[in-house]
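One chain, chain A, links the two complexes that follow: it is found with chain B in the first and with chain C in the second.
== the complex of A and B ==
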């Protein structure tokens, strides 16, 4: 009896039947928690770039393209960790359950959100998005003088330096 | 230092073992010990390089002591010195003994590879990557390729990742231009293990049917992960760490975050500890089932292989339900986790575990009753206890040779101190012993998860805020399915200054030639597989070509339509 114990496997196999699913003809097994590709809501996104700074494989990038600021998502690099959705202050990024991403066209793997820019009041360079400035205004309740919101970081530095300079000169002159 | 050390030793030691070790070190090297301190379970001894060997000669026979890892680091920009951190473990009291050894540029350090045989590769690696020289041993290249330029040490701070990338481009381009075509695809072919699907190479010397000697050549999968992490932020590194291994990635991300948390004294909420422990055990279940399947396949019992993997599939689905992904779970962050385990998932967890326990028992009963399986596992690939100790081995490999070393018990972490579980130990040291250790561990893991979900406390899953500090040393260790994983982190302001990863296979592989001696050739594949090797983990920071002798591999360049730049 002991010698033929391994034949018991036959009854297990009969009980379990076929384990393989007939994917793609049968739906694949994906739980409700599955993390697939991400989707960026272009309405909610303000182009702050928080997602691009945390993205471990740099699948999300942001940069100036002419007069626009473009947030780019390249599925080919994405590791589906969901950190972008985790850090997004606007809740603009959602993690979908989509994983069937094979394509013949490389371009299909790119997603973009294009933002109109604010140009620096002093040097004229586009430095941030219109929506980002609006969001900052909303969050700080209009407490910052508007002219500071429309000056790029470099010019702002110079401006502040000049102000301090004139104050110091003013004090010593009295 | 003053000559009456007894009070200091009382303050620092964590038990009689560390007391004995500290007294001995101070007795023989008192004047060369620059500093002594303790933080939690880490006793740190800053010692002059010229006295390190003397100190270790006096303590290496201590019963519990084993070498866990050596981290070399370039701190010239801060203190004008390189540093070596030798991490030893004292199992019985869960103490980490860290020797911090300052090494001036160009100075030589005495080898300890004859005292602690495991240190062999660490020393070679420190030389390859940082240019640290060792006295009293033969030096050869271990991790860098043959054609790597002399005097270029990739882990030195003055060498940037960008520069290293550039070094490889011209080679590839010059080869392509030699072919005289515009576009080429490079496809590496071999060497691959027939069962493990990973690049590594064993040379077996056989007389008749018996293996009389064996040599391992590895380090073929360079990814430069440690260097890459130096340019990443704290919360990005867990995702990189998880990709060190495709089978047990979560142990690496957990080791890393634990090392950072240890270094910076971050309080992690209890619930996060529970979630980490549950997911770590789920990972062990899938890994052991995978291994058992592969082992049965190597024994020619493919029915068992199919059923092991059928059962494993239930664990994969469970992992996805708990974390969002079947593998590379991606939920570890410094200070906690980013995904909670909701209450409504607990019945599903328990249900899966019940099915698993029943079906796994059924499978093991049947598989172990197959006469050929039993015959080929019993008495093959024997690893004696003494060798297992001398090589500082870890995991099921050491536990199959009668040593109950388990990080979960000895240096407890996450939520393991809340649960009761056995550490299965077999003394035979053969392939059967290592198999049975893993079989028993599956049942233990099921029980651990059941206990954890029942006890899970409420509350937050992540520390609200924490402050980074520069140059703090932290150690994080996790009992991976294959054995102990240990990460050493030196902190910086935005990310790790130095991150040293040591995977279990790095330690265990060096003992495989011992197991292979005297086995029948037919049993060699299983014997190699019996340590559950993970070559990519071991190779995490390395590139190498086969070199020396008549063995040679050449890349095969296949002409096609596209250039793949990074190979």
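== the complex of A and C ==
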């Protein structure tokens, strides 16, 4: 009886073949829709920070480091949702198929894009990237007043208040 | 600090011989790693992928990797989840119960960096934060490999184990490029 059962199994296994994937020795099963690690194109990226605001786990962060603005991508926290690629106005972010990211060092999981900054002409604080200012200029056909383009948001508020004040009251805001 | 109560027993130490020849131990440890699956408050996504690795489809038993029920029998801990505050004591005790050399595979974006729970009040935020607590408790971990993914793919787990055992070199490298005009 046992012998018969064994023969039954043998016929099934011969028909069905091996189910096991030989993964390390063959290519992994990656579908066209698969989303892996993202890649930021340093040529297209303007450092606007749209991706950092949409990123659910805040794997993408943007911040000042001295005189530079650095867009940091921490693969270790990324959930591979692809929202950053969807929202990027410059189409600088592409979703790759790379998922074999295992590493010894946490530092290996960081990708950084370093931007040069524009300094506020009033307070001298670096507040945005050179490429972002250029992109804004391009998008509004150079219609923005030159004196407002290189002023940080804080100083711009004060400047606008002063302008309105001088118009309404007729006194200079100084 | 968070109490890790186990009767104040000293940490299990390796013999002098084994400590001096840690590298030799690792060269011998190339196959038949016994793994213990430690869930530290995970969403179960990574846990399902860990089970996937053990099914006939990926069948890691062809490499001798076997899931065991107790950390005392294990060489490697598969740590999933962002380490919630409630689990810290138990996690430290489980890691402490492992014999040296202790290996840890931090799985998933939660295990590596806390995932979307990296800065909440109820979690530590992944293995790097847990490592500090382990150090305070006097528990040494000999090797760690971080495997990102949400959830981690079964292939990525196999790849992570291969990196951990020194069979493969990690592909990820720190990249710092300046944005060029174009």
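Structural remarks
Here is the rule we go by: the second predicted complex is superposed on the first by the 157 of 174 C-alpha atoms of A that agree within 3 Å, B and C clash if a C-alpha of one lies under 4 Å from a C-alpha of the other, contacts with A are read in each partner's own complex, and residues count from 1 in each chain.
Note that a residue touches a chain if its C-beta (ideal position, glycine included) is under 8 Å from a C-beta of that chain, and two chains touch if they have at least 3 such contacts.
All values reported here derive from a predicted model rather than from experimental measurement.
Once the two complexes are overlaid on the shared chain, A:80 sits against chain B and chain C alike.
In the superposed model, A:56 lies in contact with both chain B and chain C.
Of the two partner chains, chain B is the only one that A:5 touches; chain C does not reach it. Of the two partners chain B and chain C, it is C that touches the larger number of chain A residues.
In the overlay built on the shared chain, the residue A:44 is in contact with chain C alone; chain B does not reach it. Contacts of A:25 after superposition on the shared chain: neither chain B nor chain C is touched. In the superposition on chain A, chain A positions 19, 29, 56-57, 79-80 are in contact with chain B in one complex as well as with chain C in the other.
Contact residues on chain A toward chain B in their complex (touch as defined above): 2-3, 5-6, 8-9, 12-13, 16, 19, 29-35, 53-57, 79-83, 86, 95. The residues of chain B lying in touch with chain A in their complex are 232-233, 235-237, 239-240, 243, 303-304, 306-307, 310, 313, 317, 320-325, 328, 330, 338, 362-363, 365-367, 369-371.
On chain A, the positions that touch chain C within their shared complex are 19-21, 23-24, 28-29, 42-47, 56-59, 74-80, 98-116, 129, 131.
Partner chain A is touched in their complex by these residues of chain C: 56-59, 62, 109, 112-116, 118, 126, 128, 143-150, 153-156, 158-160, 162-164, 170-182.
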